[in-house]
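Here's the structure, in structure tokens; my notes come after.
Order of writing sets the labels: A, B, C, D, E and F. Residues in every chain begin at 1.
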Amino acid sequence: MNGLLLRRNLERFFNEDIGTGDLSTELLFELNERGVAEFVAKDDGIFCGQAVIDMGFCLLDEDCSVEIYVQEGERVQKGDVIAKVSGRVGAILTGERVILNLIQRLSGIATMTRRAVELLGDSKTRICDTRKTTPGLRMLEKYAVRCGGGYNHRITLDGGVMLKDNHIAQCGSIRNAVAQVREKVGHMTKIEVETSTEEEVREAVDANADIIMFDNCSPDEAIFYNRLVPRAIVTELSGGITLQNLTQYKDCGVDMISLGCLTHSVKSLDISLRMKGVGQ
Amino acid sequence: MNGLLLRRNLERFFNEDIGTGDLSTELLFELNERGVAEFVAKDDGIFCGQAVIDMGFCLLDEDCSVEIYVQEGERVQKGDVIAKVSGRVGAILTGERVILNLIQRLSGIATMTRRAVELLGDSKTRICDTRKTTPGLRMLEKYAVRCGGGYNHRITLDGGVMLKDNHIAQCGSIRNAVAQVREKVGHMTKIEVETSTEEEVREAVDANADIIMFDNCSPDEAIFYNRLVPRAIVTELSGGITLQNLTQYKDCGVDMISLGCLTHSVKSLDISLRMKGVGQ
Amino acid sequence: MNGLLLRRNLERFFNEDIGTGDLSTELLFELNERGVAEFVAKDDGIFCGQAVIDMGFCLLDEDCSVEIYVQEGERVQKGDVIAKVSGRVGAILTGERVILNLIQRLSGIATMTRRAVELLGDSKTRICDTRKTTPGLRMLEKYAVRCGGGYNHRITLDGGVMLKDNHIAQCGSIRNAVAQVREKVGHMTKIEVETSTEEEVREAVDANADIIMFDNCSPDEAIFYNRLVPRAIVTELSGGITLQNLTQYKDCGVDMISLGCLTHSVKSLDISLRMKGVGQ
Amino acid sequence: MNGLLLRRNLERFFNEDIGTGDLSTELLFELNERGVAEFVAKDDGIFCGQAVIDMGFCLLDEDCSVEIYVQEGERVQKGDVIAKVSGRVGAILTGERVILNLIQRLSGIATMTRRAVELLGDSKTRICDTRKTTPGLRMLEKYAVRCGGGYNHRITLDGGVMLKDNHIAQCGSIRNAVAQVREKVGHMTKIEVETSTEEEVREAVDANADIIMFDNCSPDEAIFYNRLVPRAIVTELSGGITLQNLTQYKDCGVDMISLGCLTHSVKSLDISLRMKGVGQ
Amino acid sequence: MNGLLLRRNLERFFNEDIGTGDLSTELLFELNERGVAEFVAKDDGIFCGQAVIDMGFCLLDEDCSVEIYVQEGERVQKGDVIAKVSGRVGAILTGERVILNLIQRLSGIATMTRRAVELLGDSKTRICDTRKTTPGLRMLEKYAVRCGGGYNHRITLDGGVMLKDNHIAQCGSIRNAVAQVREKVGHMTKIEVETSTEEEVREAVDANADIIMFDNCSPDEAIFYNRLVPRAIVTELSGGITLQNLTQYKDCGVDMISLGCLTHSVKSLDISLRMKGVGQ
Amino acid sequence: MNGLLLRRNLERFFNEDIGTGDLSTELLFELNERGVAEFVAKDDGIFCGQAVIDMGFCLLDEDCSVEIYVQEGERVQKGDVIAKVSGRVGAILTGERVILNLIQRLSGIATMTRRAVELLGDSKTRICDTRKTTPGLRMLEKYAVRCGGGYNHRITLDGGVMLKDNHIAQCGSIRNAVAQVREKVGHMTKIEVETSTEEEVREAVDANADIIMFDNCSPDEAIFYNRLVPRAIVTELSGGITLQNLTQYKDCGVDMISLGCLTHSVKSLDISLRMKGVGQ
């Protein structure tokens, strides 16, 4: 994770929440009053967000100290103490909400990803994310997917080529589309083709795409399509798959299953911050 | 909504997604090729996001034209065409994902808010949001809550005072805390006190708080506490209320019920973008 | 005060002044030469600006040390040493002008505010500011008003509703305007109505505005209008009041008198920086 | 003036004032309702701020139209209509305060500068500003000084060398300081030396400074010092000069008199915005 | 290319050059005086920079019009008119230097890339760039390489994995390093291994790297190493290759030759701007 | 050099290179693994870039320590160790490329500048730069010129006046142009006039320009023109001068020779970073 970018983002998020100052806290606490607080899990799940806690509080109080007891991607149970922060009470209370908003969301993503991974059991299929992340949070949300045991699809539009129906229609055929891109694109860039019929899958194989995605298909279709593709080409299932129907797809033999829900419909993991003492 | 801020945010979101360029699109479409596309609802819900669609595409193609067929906060049904955009195909395809990510989320929030409002039926109690918004999206998410028929709690930490357990402990009593704040705070600022026992409610009434919040209480407690408070003081229920148990609270007589889930655990409303024609 | 915002602003102000470098200083002093300097009051007044001095020099030299001898809002007399800074001479000389420009202005505001407060004597009326602050300095200037003993009116346009003639004309009546806003606005937001005739004051009382402002009126009018308003509604006098005529209004009985001059026509408090030694 | 910088600054200033939205206006006016408003002088003075009005409203409403009736630096009298803006009522009311805050301040600076210039009568001495500008507003304030008929001293610390007591002490003598700088500095950069005794003036002449400043001296001293300096070297009077004592210095024969008060202790020129019609 | 990012960069570049204003131009030309100017090639080469010219002038004068006569990547000869701009004279003269600095550099890169491509003649080996771009100009410089007929290596550190000596030493072997990365990395990400001995090449083949780079080797070594690698793995030559020795490598059979010199040691293509008329 | 600006620029440059993270490094090294690396000259030249190394690594790892063995502007020979950095291996490997890109370029500029200065031998003519710097790097590149022994021409368009053919044509004559500018411009600003004929030189002398530039002339012309100018006016040769023909101009007697090639056609000095140990 790019720490410089994280710091700048955290700063922006704090400013969005604080405005010109935290009235409630500034009016009641001395600037230098110190205290201790703990992050406590209020539900079971996978924790993600060490850097957010650490860098977040340090931005607001460079003399604070943060101890984190749970590793990224580790399971927490209701009641577990995740981290302890000691520093200016003002900084702790002012920063609480933004930091909770972030780590609850990231832990929610990691938790959902882990559940997806577990649903696949010993299948060799991997879970990956999509570009359906919350605008402004892509780096963090893709990091949370990794913490949950998932894999990242491309991060930006310049990090890979994905040929969908509109791109293919434009070129007349999958073969033309792949050839036209391959002629221009650098050797570090992979080309993925979205398919939804047997014919398209066969065309994509002929075109020697690096990755073939089967869009919105049933488990049987997925098995069938996957068999059409040589091992050297990566296969990906996408569209309409949720935690509810994921197990139906676990034995399709595809390399990847991408889940938009991991980031677009997250249930935050409940975590709270508990002041342990003031004036210490 | 502050349009200048929205524009700057959209720019940031696009840059996050695009990086140095949309390889797939730039390699296959002529820069000036034009096309038409439609946003179509894939599920039933409340639409929110006109300004995102309009300003979003204009940022990527200042000569595009956008027609929007659904009003903010209006109900859409699966299959409804929400908006039409005509412009450079490159701009449409490049902007699609970020704009969908936003309007799906905003519409998801508006939809959930509307459901909450409807669950309250003809009760005079209002639904409001919290500060549990996605970092970076507060302005938009609070706007979506309004589109859904909800109300906004304070927007920033300088927009109101909320006295919680730690603030009160610091001053010895609710009375002291309110008095200390009232002595310093401007006349446009309201003071809300969080309470969780009868004693605290009574203390907050005596302290003449502007708003008294009943934290994490049962419907019966809410009714009881609410009766202790004179009409001139606003009452708010908060904590542990979800769409599942909301109706139990609808006749408590409180002025506001605040729901963190409106923004921290959103299910996006499914909307897709359908290219209608290229080269037109 | 939001320290993150202050740091970002100070950085911007330094860059505005420094450009690519402080030629005079860089050409004559070794990078690591250290020195000591003192801020000295050159006139009597109220000091404001601790955080500016402290954070300002630390931005330019993270190893500098700053001691501040005067509390925020405390009175200084000509000749008083306000603060001492020890650090790189280059940082001290380069930062001097921007820091002086700020603390002189802030102290000027605090001084003028204190004078206004004193002119009101033992009246219960409070002094508050307006949105007539210097663009870019709102947080700091409103802070200086507080240091001087004044109160802050709303900080941003989303922090309160103020209904002026144009808003009222749009709705046909004060009653309609207030009702329309009350129907939409959250419970943390207060509604203020600007009035300039007896009829308008009475209408605003009927409309149950949270605050009623008497615009540009004589002391007698103010007294008369104020009596029309029940104690639960805050009253504010505004328009045309300066330090020259303030005492005429001190016994009007209003809750607040807002003074634009506190921030739009400030006389800086004269403070200078005196190098005490170089090479120490 | 750098228009790109002005636009970015205006955007920042609007965001500071607006926050997430102008509640009062958004709740009462339709988004597309249009209106007309006029800027009217409420006092006599010199107007400055065309670009602020023009670019300011265009940022908030790109379809608005602005007509300006008074030239930059032209005299206005109480009651004069300065400019007319037609556009969305929301944009006009939301932008009003920030634009007024700026143009009142800039016009205040231009007015004070013009008064200083007039006090010098037919003297060949010129009035110039200092670096005592409001942080964040240097470009605009120095522009206002020019509109008032004054001249700009250096704009940034890399735009000229100014050798003050500390710099000179560091080098042992004025001669050494000038020589050391001259040895390093580019040929577009001028070197000014601050002096306060006859000896220092003579030394600065010997050192062949480009500009010699006489700091904090009486009119007689100024005349005496000025005679010691050959015509090829520019002379500048600085320190302790205000509009009150300026005429005493008008016949000293110096080239420049620099006045910090032009920017650090400004009285805004009173200008108001008057809605002329809504719904037109 | 990401136009939003380009616009923001151009704005930053203009501000760096202009500061608070273009004194020379503002003092002599009326704000609205219009003129016409042409970009003329002063040397032979490959042109690159349409978007810079077009967007650059539009940022400074939104009513200017730009006609471009030469396509991106097209050859120009000394004396050729590349583009014509009509607009405010002030904008043309103020923007001239920054726009020339950029298009001269980009055209220099395109020219050098084209020369490299031509030196390879009908070889199937492709030329690509590296991360040795000028900080702040990566998007533009990589675009110029493409305009010259070259290909882009990875754009950012998250767009591909490159395992160098330090990474390999850390894991004990190439095999371990590749395996460890493959276990974690998403399916859109390629893994390249840097090798400099036969043993390393063989190891990298066994490890099934996506790309094998031969670092700093002679033409004979390159031929030898390349033969060890199956066609499904991309081969890249890198290190120590310049336009001077490139032809020695043209028949090595590798897929890619990467040249740092394309971007780290550029000779700008000489282009000038010629005013054709003022006041038109 | 303005350290605040440098830090912000370095942050931007790192973000441009890193994106959301350095995959290769993050996947193989523990976050807290430490190591040592050295910068080694791979060629002979003049070093420039201490602050880049120092601040660069500190941005990525605030606990790293940097020792620099070569002074700014000092000569290095192939094999010399320039600096040593100890810190997190991740930070060292992630930061390597951007820091090398910068210091190689800056050292390349310093090296070329030094060569130019040496070619002038004991001539009193000085070498200076132009505004033909790389957009985004002006402060650093002008600093590198100074490290090489050269001088800086104006840094921004508000830091001096340069009257070229278009400006002069606009005013009818050099005399008018200079007079018009002198009438408006502050006393810290110098006026330079570009000339290319004897007549223009004489006119510029009569107009009393501060600096007269001889554009694109032969050595003989330069000598002739220079003799027409009194010593009090600075003379500058510009246009068409490179390291190849510079010695022909060394005895022309002009004060300054400005070389665009110092910054627009730089050959980077080869420097590499060598890991010395990991896990120490």
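We take it that a residue touches a chain if its C-beta (ideal position, glycine included) is under 8 Å from a C-beta of that chain, and two chains touch if they have at least 3 such contacts.
For clarity, every value in this text was computed on a predicted model and none was experimentally measured.
Enquirer: Hey, how far apart are subunit C and subunit E in touch steps, shortest way?
Expert: Steps on the shortest route: 2.
Enquirer: Starting from the defined contact criterion, work out which chains touch subunit C and subunit F both, please.
Expert: A, D
Enquirer: Between A-B, B-C or C-F, which shows the same interface as A-E, counting it as a repeat when over half of the contact pairs match?
Expert: Match found for A-E within A-B, B-C or C-F: B-C.
Enquirer: If I list every residue number at the interface of subunit A and subunit B, are over half of them used by both copies, so same, or under half, so different?
Expert: Both copies, subunit A as well as subunit B, present the same residues to each other, with over half of the numbers appearing on both sides.
Enquirer: Please indicate which chain is farthest from subunit F, where distance is taken between mean Cα coordinates of the chains.
Expert: B
Enquirer: Could you put a whole-Å number on the gap between the CA centroids of subunit E and subunit F?
Expert: 22
Enquirer: For subunit B versus subunit D, what separation do you get between their C-alpha means, in angstrom?
Expert: Each chain reduced to its C-alpha mean, subunit B and subunit D end up 44 Å apart.
Enquirer: Report, in whole Å, the distance between the mean C-alpha point of subunit D and the mean C-alpha point of subunit F.
Expert: Once rounded, the distance between the two centres reads 32 Å.
Enquirer: Residues of subunit F that touch two or more other chains: which are they?
Expert: Touching at least two other chains: 18-22, 138, 155-156, 158-160, 184-185, 189.
Enquirer: Okay, what are all the chain pairs that touch?
Expert: A-B, A-C, A-E, A-F, B-C, B-D, B-E, C-D, C-F, D-E, D-F, E-F
Enquirer: In the complex, go through subunit F and note every residue touching subunit C.
Expert: Contact set of subunit F toward subunit C: 1-5, 8, 138-139, 142-143, 155-156.
Enquirer: Tell me, which parts of subunit D touch subunit F in their complex?
Expert: Subunit D residues touching subunit F: 126, 128, 146, 151-156, 158-160, 184-190, 192, 211, 232, 234, 236, 255-256.
Enquirer: List the residues on subunit C that touch subunit D in their complex, please.
Expert: 9, 12-13, 16-25, 27-29, 89, 93-94, 97-98, 100-102, 104-105, 108, 131-138, 155-167, 169-171, 177, 180-181, 184-185, 189, 264-268, 275, 278
Enquirer: If you look only at subunit F, which of its residues touch subunit A in the complex?
Expert: Subunit F residues touching subunit A: 11, 14-15, 18-22, 26, 59-60.
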